[in-house]
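Before anything else, here is the set of structures, which you'll find just below.
Look at the two complexes coming up: chain A is in both, with chain B in one and chain C in the other.
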Partner chain A sequence: MVDKELLVKTAKKIVSREDVKYVVGYKQGTYGFVISPSFAYTPEDVDNFIYNPLCKKNLTVYPILEEKLPLRREEEEDKRKIGIVVKGCDSRALVQIIQEKGLTREDLVIIGIPCKGVIDLKKIEKRFPNQTEAVNVVETDNAEYILNISGAVQHIPKEELLSEVCKSCEYPNPTIYDFLIGEKIEVGEVPEYSGLKNLDETPLEDRWAYWEKHFQNCIRCYACREACPLCYCKTCMADMLEPQWIRRSVNLSENTAWNIMRAFHLAGRCISCGECESVCPVNIPLMELNKKLEKDVKEMFKYNAGLDTKEKTLFGTFNPDDPEEFIM
Partner chain B sequence: MKIGVYICECGSNIAGTIDTEKVARSAEPLPKVSVSRVYRYACSEPGQNLITNDIEELGLDRIIVAACSPSMHEPTFRAVLKERGLNPYLLEMVNIREQCSWVHSDKKQATEKAISLLTAAVLRNALQQPLTPKKVGVTNNALVIGGGIAGIQAALDLAEVGYKTYLVEKTPSIGGKMAQLDKTFPTLDCSACILSPKMVDVGRHPNITLLANSEVVEVEGFVGNFKVKIKKKATYVDPVKCTLCDECVPVCPVIIHDEYNENLSPRRAIYIPFPQAVPATYIIEEETCLGIDPLICAKCRDVCGPEAIDFDMKPEIIEEEFGAIVVATGYEAYPIENIGEYGYGSIHNVISGLEFERILSASGPTDGVVRRPSDGKVPKTVVFIHCAGSRDPAKHLPYCSKVCCMYSTKHALQYRHLVHDGTAVNFYIDIRTAGKDYEEFYQRAAEEDGVIYIKGKVSEILEDGDQLLIRGVNTLTSETVEMHADLVVLANGMMPSEGTKKIASMLKLPVDSTGFIREAHPKLKPVDTVISGVFLAGTASGPKDIPETVAHASGAASRASTILAQKELEIDATIANVNEMLCRGCGMCVDSCPYSAIELEAKNSFGHTIKVAVVNEALCKGCGTCSATCLNGAIGHLGYTDNQILAQIKALSQK
Partner chain C sequence: MENLVIQTEKLSEWVNEVIKKNKVFAPVKETDFSNFKIIDDYSEIDFTYLLPRVPAKKILFKQTETLFLFTPGSKGSVQTKEISDEKLVVFSLRTCDAKTFSILDPVFLGDYADPFYKSRRERSILIGLSCNKPNVNCFCTSFGDSPASSDYVDILLTDLDGKHLVEVVTERGKKFIDNYKKFFTSASKEDLDSKKKVEEQAIKGITRTMKLEGIPEKLDKMFEHPIWYENAMKCIGCGTCTFVCPTCHCFDMQDESTLREGARVRVWDYCMNPEYTHHASGHNPRPARMNRVRNRIFHKFNYYPINDNIVGCTGCGRCIDYCSVNIDVIDIINKIGEAES
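Here is the complex of A and B:
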């Protein structure tokens, strides 16, 4: 259980600093299980900060997507830092972005939260459909979630609501932080991600059929791209017209091209926060693609994304001794 | 836009497997194609004239030649376009020889493939933009790294042409391995006698700056403009004041192995490497001297009449700019202690070829009398084992080092000349005597000088009293051989020296599987490297004997001159270019560029400071690694734009 008092106190202290522009954290949403980002510019703004197992959203998209408006003459660049609340996976996104020079370490004040796993919004909404009132969720020490829904207290085993990616999480503790809220979690043996059979084991025809079925449904809303902390290119290749890599039309061929391109552009960069999958309105198992690439990168190049800001990016490393037995 | 298409038959090289007429007809209906012709040899003068005439008469403005690899004749046809006032980058070569006719046997399929390749080229060519090569100035100085015979020859040749040349040598004297040799095959002339005039020339040449005891520590820049840092170590003896009187040596209390004599004799911490050393000066070896501290020991300084010894000397970093670099970093003898069965290192009387060379030398540890290391006795039977560590892909060096057959023969012959009642036995796998007068030399050793040759390998060498027991096999008679000898000389092969490896990685020169530096082309560019402006001399690129090394070094000097003679150089225009609107400044291209050709530069964007990748046009080789790395698609490649490649893919994927 994360100490809310300490979180608020820490965030207040940070936002009071002169060199900090704002702190972004979580606040209770206005609808059901949804949690909203909260931008605190003053210490008072911090009062609505919360942290509970529903805080799945990866907040690192905000500093990286912050728009830099043209400055008026004589106007100084705002070089103040941004405070941000991160879980283990989120912190890896920050590390990866820093490696890619999207942000510098000095731009950030990081509040780290050791994370015991977060709830899959789709699972909980399926279980309690049409929930409109805001709900608070508490995690107990014996792997249970306690929910107070319309006056009725529910005890639900953690396993049933936990996000799939959290089950195979290797880095629950932030890999980078300035303040840590709570004790670090001990990481034991982590089970391998269970969803790889559709890419590794099944026969080619079945595999193709499986993915065709999913890609067929894609409506190309690009929510996966918007939610991803690492999909932050100024101009996405999917939006380019010259050359037009992917056509606008929504059909299997173009949908497939988009989804495969999205996954490959995250090879060696995806930090398994699972945001893409959880925002997908048509339930494409995007993490299966991401995890497959993560596994391949790990096996072929012994590379894990988002661990050390000093390390070079996977594709930014040229080593004459790189293995090439898998190159045809 | 009018495209002219020319299909070369290359005699039967292409026409034998490809229906060239059909390929030519296939291009006619393609958009923008005005003419499509077949010619027997497109690269010939009449072939070029055919294109020239068509450009004039039909008003062609783009040319496609389907022939051999662009690495062969692209320059030829680009020149044709240039002569007729067209931009040379509007030429497209289609490789239907190396990548089509030569590798396929089915005429129908090969023809289909050629048609596909040509169609792709036509669509790509229509999207081609005229490009202008950039020009960079040239510094007319040369740097030669390594002062063995290769470096000496290259430096002398460059200096003779008139270029200021720096010769950098790691050790205190130039001369390299050749200075250690007693005599050279096949003429048996004294190695030092033929080498030392060249060494003296180097020392005296007004155009040569000799930096002995120095190492190249950093190389930046590009062809015509290399910025190099050289570290000159302190020698603690002023070479100008030193009169070579040798007074300092006997008083030095430090006694260590003399590497010039392959550690077979002692030397002091203050020493001159060998009598003919250039630069001719004594030096103090920092690592072994009692501390370069006059309080501990200053015996040498006390006896030095001309006061040449200066304990306050400091290493210095010399920064210079060079137009071309010659890498002459040489070889190292294979560490024969790796061959456990021969016992080198544990058995005293098993020695290396270079050690025997020193034993034969009149200036060597035994004053030219053949004595064995264990007891100083003159050996009555000497066994020479060829290919010690060579031609053994399973455990040691896979290749033949070229010189060992000859030098073992020379050793055996020299031994027989010095010890008339001695027996010299050579164990060999094959005798390789390719070279002028080499076979005659071998015949002379075997027939006139009584050297015994046994075809076969030695499997084991054991100590037997004060003798050695050699077990092996004679593969001609299929008999096992067991014999006693007083001394065994192992002919160790050549492998790339530490310096070669270090310089290769510093200059980012690709090496082959054995660690030797790879030539730009094994046959047609044997002294060039893939880095323009960097050339190879001698054994840095593979085993060579002395005449070959000298020729190679002169070749390198001559190739370097082709750059140094220019006022400015044209840089190929097919290089990376950055679309600043798309660049995010992540720097992945910077990290992945194998040539360090990209840097991030700060730019002002509406008041905000942003980083943008900038390509150094002179350094970029156009390899495309950055384009493949860039997630934003912000780095493109001039002459290979995304649209051009997509057009090719489209054509190739159509059935």
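Here is the complex of A and C:
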């Protein structure tokens, strides 16, 4: 269990610093199991910070979303740092972005939390629909979640609610941080991600039918893109008009183009937080695409994204021995 | 107008009969949710989910509409697009989705009628289905509506366990139902009483309330309130809230062509996207997320009530359900109600 007091104390200390603009963490949402990002500008604002297994959101999207509006005359740019609460996967996103020079290490104050895995909101909401009252969830040492729903205490095996991506997590501990809340977690044997059969094993026609069914439902809201900390291109290729790589028409062909291009742009960069998949309003299993690419990159280039800021990005390196069988 | 009853086991026969002469849209199961699709048989309908994921607006106001076709180049030409005269039936509409059309009518049938929407509106029959078990974020009652309201449909069905009450509401609905008389019998007073009970039960299931009193006027004085900044900080700027909204109706038009053929298409657009207001000059009148988050709320709860005398929200709760950062329209409006302006 994460020591909430230590988290709050640390965040307060950070937000009190003169060189810090705000700290972003988690707070209770407005209903049920929902958690909201929380922006603390003062130590008092930190009082509503929480951390529990429902805190799935990858907050590292926020330093990237920082708006740089044109300054008024005599107005100076606010160059203060941003404090941020990260789990293992989230921290890898920061490392990856720093490697790509999308963010500067010095602009961040990072509160790291060793993470035992987070709950899939869709799973818990399916199990307890119509939960209006806020619910706190506690994880026990013997792989159970305890939640109190309208006075009835529920014990649920962790396996049943855990997010799929967490089941194959290799990096529960933050790979970059200034403050660590709690002890590092020992990483045991990591099971291979199980969701790849629709890309690797089944016959081609079945695979195509599977993805066609999902891509047909895509409404092109680009939630997957906006929620992804690594989708931060200044102009996304999907928004370009001249040339228009992807048409605005929402149909199977264009939806497929979008979803496949999105996945490919994350090859060697995706850090498996699962954010794209969990925000998708039409349940497209985007992590299957991402994981397939992650697996290929790992096998062919022995590369894992987001581990060390000193390391170069996969696409920023060249080795004469790089495999090239896949180049047509 | 007329109250009838159909035995639930006859429902499939009736709907299959309707399918023969109409294009019928109904909720069909996808992966763990349902969506409105054209059905060929009653068995395809999935009643498990209260609301289809994408609202019924997509049937009359399609996400992608081809306006006309053209051949590009100096010898090019334009081919108008024929509007079909197929009869449409939207089956299993909930109050919040049915109300959509009374909110979209002022836009698409107002000063300038949109021929595509108008045609579909005129040739569609709306068959409602009363909710028996509302979702966590349902709040149609906050607008004075009911989960078993017959106000916005041609025909309303209510599941009375074993049989369905069929309330024929409009003239159009009556004409339609007269084609299928053999499936129905007259409703008794008990049937109507049972419906009331179902309705009361459903209303009890709605736990969240949006307090709307005085909101449109109050918003006039709250254009610069901190609440917009608070919510904009969280907003990631995706289009989910607008695309799953039954009343959001903004669109973009684009020419999509190859060397030989082209089409002008109209697609849903979303005001959460900076590009939405990006001028050709490079200027953007809504440069910050705060401007965009504020606009979504103002459009529904200030501009709409003032211009068309109706709130631009039906209380379906989808924007709350699918927002990944908990931007909660009920919470925002209630906070505005409590705030000092």
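As a convention for this text, the second predicted complex is superposed on the first by the 325 of 328 C-alpha atoms of A that agree within 3 Å, B and C clash if a C-alpha of one lies under 4 Å from a C-alpha of the other, contacts with A are read in each partner's own complex, and residues count from 1 in each chain.
To be clear about the criterion, a residue touches a chain if its C-beta (ideal position, glycine included) is under 8 Å from a C-beta of that chain, and two chains touch if they have at least 3 such contacts.
Just so you know, these numbers come straight off a predicted model, no measurement behind them.
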Discussion item. Just checking: does A:239 make contact with chain B only, chain C only, both, or neither of them? Give me first, second, both or neither.
Written reply: second
Worksheet item: Touching A:34, do we find chain B (first), chain C (second), both, or neither?
Response: second
Discussion item. After superposing on the shared chain, does chain C or chain B touch more chain A residues?
Written reply: C
Practice prompt. Using the touch definition from the top, say if A:219 reaches chain B (first), chain C (second), both or neither.
Written response: second
Discussion item. Taking the superposition on A as described, I'd like to know which of chain B and chain C A:311 touches: first, second, both or neither.
Written reply: neither
Worksheet item: If you lay the two complexes on top of each other, which residues of chain A touch chain B in one and chain C in the other?
Response: 69-70
Worksheet entry | Residues of chain B defined as touching chain A within the complex | 510, 581-582, 584-594, 600, 605-609, 611, 625, 629, 631-633, 642-643, 646
Discussion item. Going by the contact rule set out above, which residues of chain A touch chain C in the complex?
Written reply: 29-32, 34-37, 39, 57, 61-62, 65, 67, 69-70, 122, 125-126, 129-132, 213-214, 217, 219-223, 225-227, 239, 244, 247-251, 275, 278-279, 281-283
Worksheet item: Quick one: in the complex, what on chain C touches chain A?
Response: 30-33, 35, 53-54, 63-64, 133-137, 205, 207-208, 230, 233-234, 236-240, 242-244, 252, 254, 256, 265, 267-268, 270, 273, 275, 287-289, 320, 322, 324-326, 328, 330-331
Response to the item:
Residue set of chain A touching chain B in the complex reads 68-72, 75, 77, 100-102, 233-235, 237, 240, 242-243, 265, 312-313, 315-318, 320
